[in-house]
Structures are given as structure tokens and as C-alpha cells.
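Next come two complexes built around chain A: one with chain B, the other with chain C.
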Partner chain A sequence: MKRYDLIVVGAGPAGLSAAIEGAKRGLKTVIFDENEKPGGQLFKQIHKFFGSKEHRAKIRGFKIGEELLAEAAGLGVEVVLNAAVIGLYQEKEVVVRIGEAVRHYKGDAVIVATGATENAVYFEGWDLPGVIGAGAAQTMMNLHGVRPGEKVLMLGAGNVGLVVSFQLLQAGCEVVAVADAASAVGGYGVHAAKVARTGVSFYLSHTIIKAEGGDRVNAVTIAEVDERFQFIPGTEKRFEVDTVCLAVGLSPMCQLLKMAGCRVLEIPAKGGQVPLVGTRGETSADGIFAAGDVSGIEEASSAMIEGRIAGIAAAEYLGYAVNAELEAAIAENEAALSELRQGMFAPGRRGDMVEFTDEGIHVSVSLLKKGYVNDEEIARFTSASETPGFRPIIECTQNIPCNPCRDVCPRNCIKVESITALPRLNEYNACSGCGLCVASCPGQAIFLVNGDVGGGFANVTLPYEFLPLPKEGDRGVALGRDGQVVCEAWVSKAQISSAFDKTNLLTIKVPAEMAGKARFFKSKGAV
Partner chain B sequence: MGAVERILEREFVPADDDGVVVCRCEEITKGEIRRAVHDGIFTMTEMRRYLRAGMGLCQGQTCAKNVKALMARELGVPPLELEHATARSPMRPVEMYVLANEEVAD
Partner chain C sequence: MEKRIGEHPILGKPQKGKLVTFTFDGAAAQGYEGEPISAALAAAGVSVHRYTAKAHKPRGIFCAIGRCTDCVMVVDGEVNVRACVTPLRAGMDVKTQRGVSAV
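Now for the complex of A and B:
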């Protein structure tokens, strides 16, 4: 039986981070992953991450995956793919299916970072081909380059549903609607807003009644539900679609830990059954640790930090590090983790209805019900000037832990006091119009407005992550936050720059009075 | 009176959507699962043995939560009162010829 100091199960953000910390401290480390590609969900995450520099904010998920893999390889971590761990027995014996054989390994410490699995809901026709998990759609698009369908209905307005809806739009699909049985959008408002402004309708307090089709789905019917989640007759809406995506939550995959005898609790707020873990990821079984979604559903950013903590803790358990140095590293990581767990979407506040921001501003109800901040509400957060000169308009209306806009501005125009504070403009510093804030905002919530470019027109610069990129001189229409046409628009500039990391900047010329409304552009041909 | 006595006293009441499949791998319907509860199947482990719900390719990864909620509703107990099925090896489906190809010795 082959022996390792540390065996990590799962090569996702938590597992890779854990292996890196272990290997750094001299542990002979191997990672087993059942997939053909490493990275877990990271390589499907083509959007920019939230957070601050320490959390690798504004870097796209797959880039973070590449960095972690390179770091692990540099430290001599063995990553074994197509290797499904099928059992975790006494004395930390790990049984792995590799190719056409079953092999046994012994780990002096084991870190389980198996992640989570997508939940399903059942309704008439849910077993038709074409009804798929949102994660499956992401795998098809972002790992294999296959578009799941042409017309899609998304069930679920949490972050997964919103992010995948945007990616479906990027892949060229039509998203006919985003529906959710909850009465409010559960994911980040900025994720909802970037979907809504392209013209996608949101149906909150709605769920699927049935999917129809023969050999695959060809229509889906949703209906409104009351507070007790019962259908309200007469509210049915039918859409012709070829794909239905389900994004109805995740469940931790903790079966291995359970099998190993770790104490497991059922905690609905963490997504279901989770191991009982201490602050260092230690389970109730000696030398077995858990990190990432397997111990409670959160974001990849927190999974990476949990992984680091568990990796350090495993090294300490095996006597590979000095205690004081480890305590310091753990404290530093825990501080970063607690930063990510602040704000309106903090794990402890899940499900709470927040009425006011930390700044005391009444939150946008329209954002929660329809996916966009309406024209009246936006005035509480920003105001577009009608004077010449650039000015960033920051439509960031929820307290989420994120601050790349502050760090990227070369003139210090943007202030973000605590990490979850809403960004504010530093009125004394003049914006140069460089657009770095527009491109680096992971929520695509920053626009540059030049309120007077002459002739009664204004320029609006917006983040644009679709292909083909419109060209200078193209005519089209500007869409409002609600995705409705607000006016005619002309492309005055289309900027591509490596500093923008593929978030291209589109500057459109619109009548000056529309500068506060125009937030998306559609070419004439596409309308 | 406990949940067991209560459920055994109550008649199975058919519902319009009893034909909806809940466990896709083994093609077990909502009606079959509800009826099984009235037959005396009160735990997830029993349900796996009785109807094979959660015993297919995905090993209940897709349906376990839904089967559990359905059973709890039929029993008239909160879902947290029902225990999940035992976790046991192999955690992933493995063909018999692969299982037989086990390398144990050094």
C-alpha cells in the first residue's frame, strides 16, 4: 500500500489550496480527483471574482485555477485525475478507482474537499432530456465549448442561476426567463442586474408546473405561488424552450466523511448534511479534515481559505511546522475568511430580509423582485451629472465584500471604507476616464458618463462581455436597467485592452437626458 | 400516538401527480414512494432496499433530498427527523470487473 503524508480528496479550490499549504511545509502530498480535468468548479467560473486583492478579486475563476495548479505542481504535489475515491476506511486507508483498477493508499492525514452536488426539483416532465442542472450547462459551455440549447428557462435566482444565465447569454442562447419560488432574488443584485439589462424577465414567487416534450423538452410552464408555495390558478405562463436549467441549491457531498466515522450533522443553512468541524477544519475523526463546500455551501473564495487553513492544520497535526508560525498563518487566513463572510449575504444572515444598507439607504425592492434597480430607486445611490467630463456612476447597491474599484483607480477617485461599504466618489479628485473601474468591477456595475459631449448628447461607457464587439460608428438602441429600449444610440468607441482582461468597454452616444438610463447596447441588426 | 401508528391508520390518498418520477435512475414515482410509506417503509435505508430509490447510477445524489422530504411529509414528521441512508463504499458506481481488479499488496 502506497503511503503519503497527506492525501487530499478533490482538486477544486479547497483541495488545491490545502495541498499547496501541506506541500509547502514538506508534506508528501497527493490529490485524487474523479474528473478528467482538475480545478473543480473553478475552471467553469469565467466571471471575475468578488472580494479584495487578498481574495484574488477581479481575477476570473479559471485563471485562479490555473495559478493554483501551477503552484501545486511547483511544490511537487501529485495530482491524480480520473481517480474516484470510493472509500475511506479505518486508519485513513483511501481506496481509489484509477482506470480499470482499484488501488489502496494510506494517508497520515486526509483532507476531504469533495465539494457539493446540485439539488434537483421534480415536476411533470423534469426527466425529459433538456432539463439539466445549471452546473451541467456551465460544464457544457465553459469546459467543452458546447451550447446546451437555443432557448433556455432558468429556475433559480441565486448566484448560480444568475451567473449561469449571464453565461448562457454570452454563449448566444436566448434566456426566456429567470424564475424562482422565493419572493426575492437570492443572489447578488449586481449579477441579477447584468442579466436584466439585456432584456431577460424575472419571475419571483414563480416555479415550474410542468415541462412538455416528446424526445426532449420543447415547452415549460411556470406559475405564481403563494406564501405557502401553492400554485395560484390562472397565473400560468408557458414558454417554448429547448432547455430548462435548474439552479435550486447545492448539497455538500460528505458521504466519504460519514463512512470514515466522522460525526455528521444535518444543518439546512449549510445545505444539508455536513461534518462537524472545528475552526481548523478538523473533523471528529483523528487526522481527517474537511474544507470547502463539503463542510457547508459557500463561495470558491472562502473554499480556498478554508483549504489553506486545513492544509496548515494537517501539517501541524503531523508535526511539520512550528506552532507559533502556524497560529499566525491560521489567524491571517481566518481574518480573510471573516472578511468574506460579512455584509448582506453573510452566511449568518442568509434568508434575512434586509431593508436598509449599512449606510442607512433603503434597499432597492425592484432589484429583489425584478432583477434591476428602477430609475426612481437608483437616485438614492448615484446621480448622473449633465456636465462635461467623465464621472463614474457606481450602481453598487448592496453591502457585499468587494473593493477592486477602489484599488484600481489611478487617481483615487473611489472610496470603499470597510470592505462591505458601498463605494463613494471622492469629489475632489478628477476622473481621467481610463475605464479601469468599469472593467474591473466583478459585478459590472460601474459606468462612465460624460454628461455633455456637445449637441445635446452624452457618452456612456459600459462593460461589454459579448461577441461580436460592436464597432465604432455602429447604430443601435440603448437599453435601460430594465432591459427596455430607452433611445437610439451610436457607438463612439469600443476599447479592448489587456488591462481590462476581456471586459471590453463600449462607449455609446445617447441624448444627454438618457445618460442616467442607458445601460446596455443592442446593435440595430439584433433588435 | 407515534408517527408509525398514525401512518398505518391512515389510508393512502392518490394524488394527480403520483406519476411523476422522483428517482430518475431507478424510475421510481412519487406515488410509489408515498405508497411504500403506507406499506411500512419509514427509513431511507428501508426505502433503498424496498423500491431501490437512490440505488441507481447516481446513488441518490440527485433524489435523496426529495425522497426524504416526500417520506417526511407522508409520515407527518419534519424532514430533519428522518436519517439519511448509510454511506458506504463504493461511493461511485464501479463495474464488477474493476472491483475485481483490486491491487492490495505492495
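Now for the complex of A and C:
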């Protein structure tokens, strides 16, 4: 039986981070992952992540994965792929299926970072081809370059449903609607807003009644539900689609931990059954640790921190690190974790209806019900002025842990006091119109407005992550936050820059009074 | 609509192996070496991977990561092969699975 100091199960952000910390301290470390490619969820995430510099904010998920892998490889971590761990026993014996072979390994410490699995939901026709998980849609389009379908209905308005809807649009699919049985959008409002402004309708308090089709889905019917999730007759809406995508939550995958005899608890706020873990990721079984989504559904940023803590703790457990170092690392990482766990979406506040922002501003109800902040509500947060000169319009209306806009502005125009505070403009506006804030905002919620470019027109610069990129001189229409046409528009500039990292900047000219409304552009041909 | 993404706004052009020929239900089909069989089939517009043993209901891709077994097919004579995690190779013989219980 081959022996390692540290065996890590799962090569997602948690597992890779854990292995890195273990290997740094001299542990002979191996990671097993059942996938053909390492990186876990990260490799499907093509959007820029939230957070601050320390959490690798504004870097796209797959890039973070590549960075972690390179670091692990540099430290001599052995990464074994296509290797499903099928057994874990109290003595830290690990059983792995690699191809046809079943092999046994012994670890002096084991870290389980197996992540989560997607939940399913049942309705008439749920088993038809064309009804797929959101993760499957991501795998097909982002890893294999194949569109999962042409016309898609998304069930689920949490972050996964919202992010995957946007990714479907980027892959060139049509998203006919986003539906969710909950009465409010559960994910970040900015993720919803960037989908809604392209013209996608949101149906909250709605769920699927049935999917129809022969050898593939060809239609889906949704209907409104009441507070007890019962269908309200007469509210049915039918859409012709070839794909129904399910994004109805994730459950931690803690089977291996159970097998090893670790105590598990049912904690709904963490996504279901999770292992009982201490501050250093230790489970109730000696020398077995857990980190990442397996111990509670959260984010990649927190998974990386938990992984680091578990890696150091494993080193300390084996005598490769001194306790003082562990305590210091725990304190430092806990501070970073608690920073992330602030704001409206903090784990403890999940499911609460928040009425006011931390600043005391009444939240946008339209954002929660329809996916966009309406024209009346936006005035509580920001306003465009009809004067010459550049001004960033920051449509960030919820307290989420994120601050790249502050850090990228070369003239310090943007303040974000605590990481979850709403960004504010400094009184003295020194904006040069460089557009870095527009490109770096992971929520694509910043627009640059020049309120008077002559002739009664204004320029609006918006983030644009679609192909083809419209060209200077193109004519089309501007869409509002709600995805409806607000006016005619002309492209005055289309900027591509490596500093923008694929978020191209599109500047459109619109009548000056529309500068506060125009938030998306469709070329004439595309309307 | 073309099922393959020619150029992606963030990922650029998909990195693919060489174009190879395989057979699907007896007819010649094409796909890229190393991609999952299911990707080649999806690109060719195939949604049904198997029909269930008892009710003969169609099944296709559901999880795309090898967990649900909805996508199993008969590959080179072997039944219950998960098409979503089995890499395509030139000359493979892929058949819709009928009347065999999925694992």
C-alpha cells in the first residue's frame, strides 16, 4: 500500500489550496480527483470573481484554477486525475478507482474537499432529453465548446442560475426566461441585472408544471405558485424551448466522511448534511479534515481559505508546523473569511428579506422581483447628470463583499469603505474616462456617462462580453435595465484592451435624456 | 443553428484534438478526438443516448460529469458506457442503448 503524508480528495479550490499549504511545509502530498481535468467548479467559471485583491477578485474563475494548479505543481504536489475515491476508512486508508484498477493508499492525514452535487427537481417530463443540470450546461459550453441548446428556460434565480444564464447568452444561446419558485431573486442582484438588461424576463414565484416533447423537450410550461408553493390555476405560461436548465441548489458531498465515521449534522443553511468541523477543518475523526463546499455550500473564495487552514492544520497535526504558526494562520484566514461573510448575503442571513442596505437606503424591490432596478429606484443610488465630462455611474445596490472598482481607479475616484459597503464617488470628480472600473466590476454594474457630447447627445460606456463586438458607426437600439428598447443608439467607440481582460467597452451615443436609462446595445441587424 | 461555438467571447476558439470519424448507429459521424462522445453527438444534433429498458423512454445528457448514468450507450460492443466522460477515438462504434438496464 503506497503511503503519503497527506492525501487530499478533490482538486477544486479547497483541495488545491490545502495541498499547497501541506506541500509548502514539506508534506509528501497527493491529490485525487475523479475528473479528467483538475480545478473543480473553477474551470467552468468564466466570469470575474467578487471579493478583494486578497480573494483574487476580478480574476476569472478558470484563471484562478490555473494559478492554483501551477503553484501546486511547483511545490511537487502529485495530482492524480480520473481517480475516484470510493472508500475512506478511519485508519485513513483511501480506496481509489483509477480506470479499471482499484488501489489502496494510506495517508497520515486526509483532507476531504469533494465539493457539492447539484440538486434535482421533479415535474412531468423532467427526464426528457434536453432537461439538464446547470453544471451540465456549463460543462458542455465552457469545457467542450458545444451549445447545450438553442432556446433555454432556466429554473433557478440563485447565483448559479444567474451566472449560467449569462454564460448561455455568451455562448450564443437564447434564454427565454429565468423562473424561480422563491418570491425573490436569491443570487446577487448584479448577476440578475446583467441578464435582465439583455431582454430576459424573470418569473419569480413560478415553477415548472411540465416539460413536453418526444425525443427531446420542445416546450415547457411554468405557473405561479402561492406562499405554500401550490400552483395558481390560470397563471400558466408556455414557452417553446429545446432545453430546460435546472439550477435548484447544491448539496455537500460528504459520503466519504460518513464512511470514515465522521460525525455529520443536518444543517439546512449549509445546504444539507455536513460534517461537524472545528475552526481548523478537523472532523470528529482523528487526522481527517474537511474543507470547502463539502462542509457547507459557499464560495470559491471561502473554499480556498478553508483549504489553506486545513492544509496548515494537517501539517501541524503531523508535526511539520508549529502550533504558533497554525494559530497565526488561522487568525489571519479567519479575518479574511469573516470579511467575506459580511453583508446582505452573509451565510447567517441567507433567506432573510433585507429591506434596507447597510447605508440605510431602501433596497430595490424590482431587482428582487424582476431582476432589474427600475428607473425610479435607481435614483436612490446614483444619478447621471447632463453635463459634459466623464462620470462613473455605479449601479451596485446591495451590500456584497467586493471592491475591485476602488482599487483599479488610477485617480481614486471611488470609495468602498468596508468591503461590503456600496461604492461611492468622491465628492471631487476627477474621472478621466479610462474605463478600468467598468471593465473590472465583476457585477458589470458600472457605466461611464459623458452627459453632454454636443447636439443634445450623451455617451454611455458599457461592459460588453458578447460576440460579435459592434463596430464604431454601427446603428442600433439602446435597451434599458429592463431589457426594453429605450431609444436609437450609435456606437461611437468599441475598445478592446488586455487591461480589460475580455470585458470590452462599448460606447454608445444616445439622446442626453436617455443617459440614465440606456444600459445595453443591440445592433440593427440583431434586433 | 451551429451547435459548436466557433469563437467564444471569453474563451476564444475551443481547443480541440484532430477531427476523426466514428460510427453512430451504423452511420458515419465526425467529432474531435479526445472530446467526450456526448460532445460529438450533441454537436451532431443527437439528443437521445438510450431508451429505458421497461418504459422505452428516451434519455440524454443530464449531469455531463459522469454521475447520473443517464447518458450511457453501447460503445464498441460494451453496454452502459457513460458517453459524457468517455473520450472519443477514431473508429469508435457508438450505438443508442435499447433494452438494457442502465447501471
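As a convention for this text, the second predicted complex is superposed on the first by the 526 of 527 C-alpha atoms of A that agree within 3 Å, B and C clash if a C-alpha of one lies under 4 Å from a C-alpha of the other, contacts with A are read in each partner's own complex, and residues count from 1 in each chain.
Here is the rule we use: a contact is a pair of C-beta atoms (placed from the backbone, for glycine too) under 8 Å apart; a residue touches a chain by one contact, two chains touch by 3 or more.
In this text, all values refer to a predicted model and were calculated from it rather than measured experimentally.
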(request) State whether A:145 touches chain B only (first), chain C only (second), both chains, or neither. (result) second
(message) A:34 in the overlay: touching chain B, chain C, both, or neither? Say first, second, both or neither.
(response) both
(request) Check whether A:199 is in contact with chain B, with chain C, with both or with neither, and answer first, second, both or neither. (result) neither
(request) Please indicate which partner A:46 is in contact with in the superposed arrangement: first for chain B, second for chain C, both, or neither. (result) second
(message) For A:189, using the defined touch cut-off, is the partner it touches chain B, chain C, both, or neither? Pick first, second, both or neither.
(response) neither
(message) Looking at A:470, would you say it contacts chain B, chain C, both, or neither? Reply first, second, both or neither.
(response) neither
(request) Could you look at A:117 and tell me whether it touches chain B, chain C, both or neither (first, second, both, neither)? (result) both
(message) If we overlay the two complexes on their shared chain A, which of chain B and chain C does A:1 touch? Say first, second, both or neither.
(response) first
(message) By the touch definition at the top of the document, which applies to A:65: first (chain B), second (chain C), both, or neither?
(response) neither
(message) Residues of chain A that sit at the chain B interface in one complex and at the chain C interface in the other, please.
(response) 34, 117-118, 127
(request) Would you tell me which residues of chain A are touching chain C in their complex? (result) 34-36, 46, 60, 117-118, 127-133, 135-136, 139-142, 144-148, 150, 170-172, 214-216, 465-467, 502
(message) Looking at the complex, which residues from chain A come into contact with chain B?
(response) 1-2, 34, 84-87, 89, 95, 97, 100-104, 117-124, 126-127, 251, 253-256, 258-259, 266, 268, 272-273
(request) State the interface residues of chain C toward chain A in the complex, per the touch definition above. (result) 1, 3-5, 7-11, 14, 16, 35-36, 39, 42-43, 47-49, 57-67, 70, 84-85, 87
(request) Show which residues of chain B lie in contact with chain A when the two form their complex. (result) 17, 20-22, 24, 30, 61-63, 65-66, 80, 84, 87-92, 94, 97-99, 101-104, 106
